[in-house]
Amino acid sequence: MTEQIPEPQESQFKRQLRIIIFGTDTPAGRWFDIGLIISIIVSVMLVLLDTVQSVNSRYGTLIHVLEWCFTLLFSLEYGLRLYCSANKRQYALSFYGLVDLLSILPSYLAILLPGTNLALVVRVLRLFRIFRVLKLLRYLSEGNLLLRAMMQSSRKVFIFFFSVSLIIMVLAAIMYLVEGPASGFSSIPKSIYWTIVTITTVGYGDITPKTPLGQAIAAFTMLLGYSIIAIPTGILTAEISQEMGHRRDLRRCDNCLKTGHEASAQYCNQCGSELPQEI
Amino acid sequence: MTEQIPEPQESQFKRQLRIIIFGTDTPAGRWFDIGLIISIIVSVMLVLLDTVQSVNSRYGTLIHVLEWCFTLLFSLEYGLRLYCSANKRQYALSFYGLVDLLSILPSYLAILLPGTNLALVVRVLRLFRIFRVLKLLRYLSEGNLLLRAMMQSSRKVFIFFFSVSLIIMVLAAIMYLVEGPASGFSSIPKSIYWTIVTITTVGYGDITPKTPLGQAIAAFTMLLGYSIIAIPTGILTAEISQEMGHRRDLRRCDNCLKTGHEASAQYCNQCGSELPQEI
Amino acid sequence: MTEQIPEPQESQFKRQLRIIIFGTDTPAGRWFDIGLIISIIVSVMLVLLDTVQSVNSRYGTLIHVLEWCFTLLFSLEYGLRLYCSANKRQYALSFYGLVDLLSILPSYLAILLPGTNLALVVRVLRLFRIFRVLKLLRYLSEGNLLLRAMMQSSRKVFIFFFSVSLIIMVLAAIMYLVEGPASGFSSIPKSIYWTIVTITTVGYGDITPKTPLGQAIAAFTMLLGYSIIAIPTGILTAEISQEMGHRRDLRRCDNCLKTGHEASAQYCNQCGSELPQEI
Amino acid sequence: MTEQIPEPQESQFKRQLRIIIFGTDTPAGRWFDIGLIISIIVSVMLVLLDTVQSVNSRYGTLIHVLEWCFTLLFSLEYGLRLYCSANKRQYALSFYGLVDLLSILPSYLAILLPGTNLALVVRVLRLFRIFRVLKLLRYLSEGNLLLRAMMQSSRKVFIFFFSVSLIIMVLAAIMYLVEGPASGFSSIPKSIYWTIVTITTVGYGDITPKTPLGQAIAAFTMLLGYSIIAIPTGILTAEISQEMGHRRDLRRCDNCLKTGHEASAQYCNQCGSELPQEI
């Protein structure tokens, strides 16, 4: 695909294409993106529906035809992206480049390796197409504040989860001894599963304590899980508050240099001049 | 209802009626509203009780008679509202006008279209009467702070839910492959249902993982759901704190211009003069 | 009990007794309170254990004897309180006076009205004795901050719960129509019970949706319940932060008048002089 | 082990060993710690896997051999620690000294007391080895902020839990009377177990209310548990925010004395000089 053609002439078309495919500022680029998002969502829906027995037996053929249409469409898109990108290798090895490749590869692999036992493996690979939705993340820049707050609090949250996992293991060992295999606590790993089900307040009820002592320990586990959730919530809330305050301070009136404007403010509330866009 | 009668004479009675029905400042208007709220709650209670088998078989006739009383009452009210509103069309097409109409229409439709299958559908429409209670919100302006905080944080919350739904889909696909139809994970949509049940810590227990690997992934899903709830909580808390601080700043002592008074403060704590009502 | 005895002589003993029984400042008063708290907890434990079949059949007689000991003890205490209180009528009609009476009355009623059916009702009344433990709160003034924060936020929380209950009713009606009696949604009240079980993320699993549409609505209900919990949390957190900041401002260095000291600070961090106790 | 050998000569080797075993600053000390952590985790994993029936029957002998290797390794480590510590008695009686001893004792006890019934108890003691991992916390000073915030809020949280446990007991008594043994509420302690399962939103579903009144009280219990979680969360969030603000104020630019720098800041944003490390 790296053919030797006179560059300046080709470049014109390539540049136009690049602006449409990679850019989001022109109307054409915007329409391309909207079309792509719809295609991704529809193709993922097809993968989901294909696993439903009743749908598969009735519309199986239709779904497979549509699957191939989308595979060809995404192949074409991948080819065009590779063709018009300034640095082909950089794109191919980038995160989104690999996601683009992973979203078309499984369908082709299904033809190359059509064994009866392989059907399941292929189905797995086909499911990687779901990752295609990740492409959507490209369009949302608001997530940065949340990510920064999470980064800042990651060390505190790690300590919290480390302490919780120690508590879980000790409680699981105790419950294994108290309840034993008769109540479904057949091993410590299974007991850990039960403890996590309980401490996170999920509570399936597939394994439940039967003895009074076991129920007392279970009640303690629940109250613990119910109250310690306050800790990561407190950490994150404090960090997000700080990030939001910090972001406000970054937005400064160009005229009177006042900072700390509200997120929704359009004009400086001190001198009345227009404010720069929110960062 | 748009009869051609001499206006100035009629207007006197109409205006009085409008003040009672639409207004909330006069004692008569207040009593009208309280009576209306009680009628709405009682009529909704009747709809609920009517679906209970034992109640229906014993008091079925009584309930139906009362239903018709309320229907006639609400019809009369709708007629009066239409009659005394300054702009009849505007009222009929307003949100509350449509809700008022929807709360009486189903009962009349049940006579006009007395099909056995339609009875059930009509019963649903009848429930729209519940929305009439929403009018209560008209009297409570406190909800604005909550709404503003939610609006402000909507973009961040949207990104959070978008990311969570991506994680849900990927986890559902993995669980479908790991557990399969034998454990109740009969399709990816069903697997998505299980993942949501687990990640929100609801945990019905109608579908539970049976294999060790499935239980390990389930445990991870639970811990994830248990901890990420901290994110929307953190976002909203930060926004509500900001809104409350902002609201405090809006309340200013008329005498010394001091802002930032407590919500419950009645007098300025700097100069002692009375403060304006909370906004 | 309001005997006519020479007052100044009696008063001396009465005053002493009043200080011990009602006061908490003297060592004797402290010991009396601790003894009382232990008695209350033990007597409540006995009521709880008495309902356990295996314990009741073995230690039934012992428990009943102990019950009567505690009843006599609490009767004596009630008598003494009545005797030594300055205003007997005021005490007898006060909240704690009524709780004290309610904690001994059921045992006596069980003799006067020894019906087989009444035994159970009497047992309930006996549990009011638990409320006596509430007196503990008298010694803990810290609860005020929490109560103030809850009072301040009560209007916002009311609006939240009002909106949630409307959503619950609408969702319950929809689920009743979608799932119907076949899946356990036998009436709208039962459907409301299911919706509350789901929206609060409890998730018993005694009633679960069976149809794909029902499961989709259930998934939506879960996600809703999972995210709206952030609203009351945000409201309360903002109020508690404000209350804590306010409390800090109330604590002022007597020397340099600086406010805003930390809760754990013992000395003013500006002038070094000792700070007053936390309020 | 307290042999009488010429001190200055021995001291040299001892000091070196002490730096490696107890210290964390030299590369050798770091490697020793990492090796120890891995050993602890692997040995705990073996204890967990040993309780799984299928693993035990196949790899039982291998696991027991490895167990003994780790026991000897930890014994050697304990001996070295005892040998090279400056104050042997202080180490042996310290918290970590006792944990070190507890992590090797059970294996030896299993030989000395080889009863069939004792085997299970010994297995529990073996799990105390998990606590050795707690040493990890020594390297993470971040936990202090969380601990301080929890200490500060402990009195408020205690009052919250005291009030909640009273509510739980009253609700449990009411449910015992309303539902009775027929629905699984066989005693008040069991009813307390159900109430905790419900109020913490765990919701196993092993005991569920059957009567309409019981379901109504259950619904109330759920809504209560769903909303009161906001209280401890609010308390902790307010405390953590305060602690974080306080910590920021402690970090001061050595050049211009400005405080309140961000946690991630490396240079003073007022004078540009390097900031001291985060405390």
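By written order: A, B, C and D. Residues from 1 in each chain.
In this text, a contact is a pair of C-beta atoms (placed from the backbone, for glycine too) under 8 Å apart; a residue touches a chain by one contact, two chains touch by 3 or more.
Keep in mind it's a predicted model, so treat the numbers as computed, not measured.
Identification of common neighbours of chain A and chain D yields B, C.
The rotation relating chain A to chain B, fitted on Cα atoms, comes to 90°, given as a multiple of 5.
Annotation: 31 Å between the Cα-based centres of chain C and chain D. Once the centre of each chain is set as its mean CA position, chain A and chain C turn out to be 43 Å apart.
The set of chain B residues touching two or more other chains comprises 189, 192, 201-205, 225, 229, 233, 235, 237, 241. Taken as a contact graph, with one node per protein chain and an edge wherever two chains touch, the assembly is complete, since every chain touches every other chain. Within the complex formed with chain D, the chain A residues making contact are 152, 155-156, 159-160, 162-163, 166, 169-170, 173-174, 176-177, 186-190, 192, 198, 201-205, 208, 212, 215-216, 218-219, 222-223, 225-227, 229-231, 233-235, 237-238, 241-242, 246. Note for the complex: chain A touches chain C at residues 201-205, 233, 237. Partner chain C is touched in their complex by these residues of chain B: 44, 47-49, 51-53, 120, 123-124, 127, 130-131, 133-134, 136-137, 140, 142-143, 145-146, 149-150, 157, 161, 189-190, 192-193, 196-197, 199-206, 225, 229, 232-233, 235-237, 239-241, 244, 262-264.
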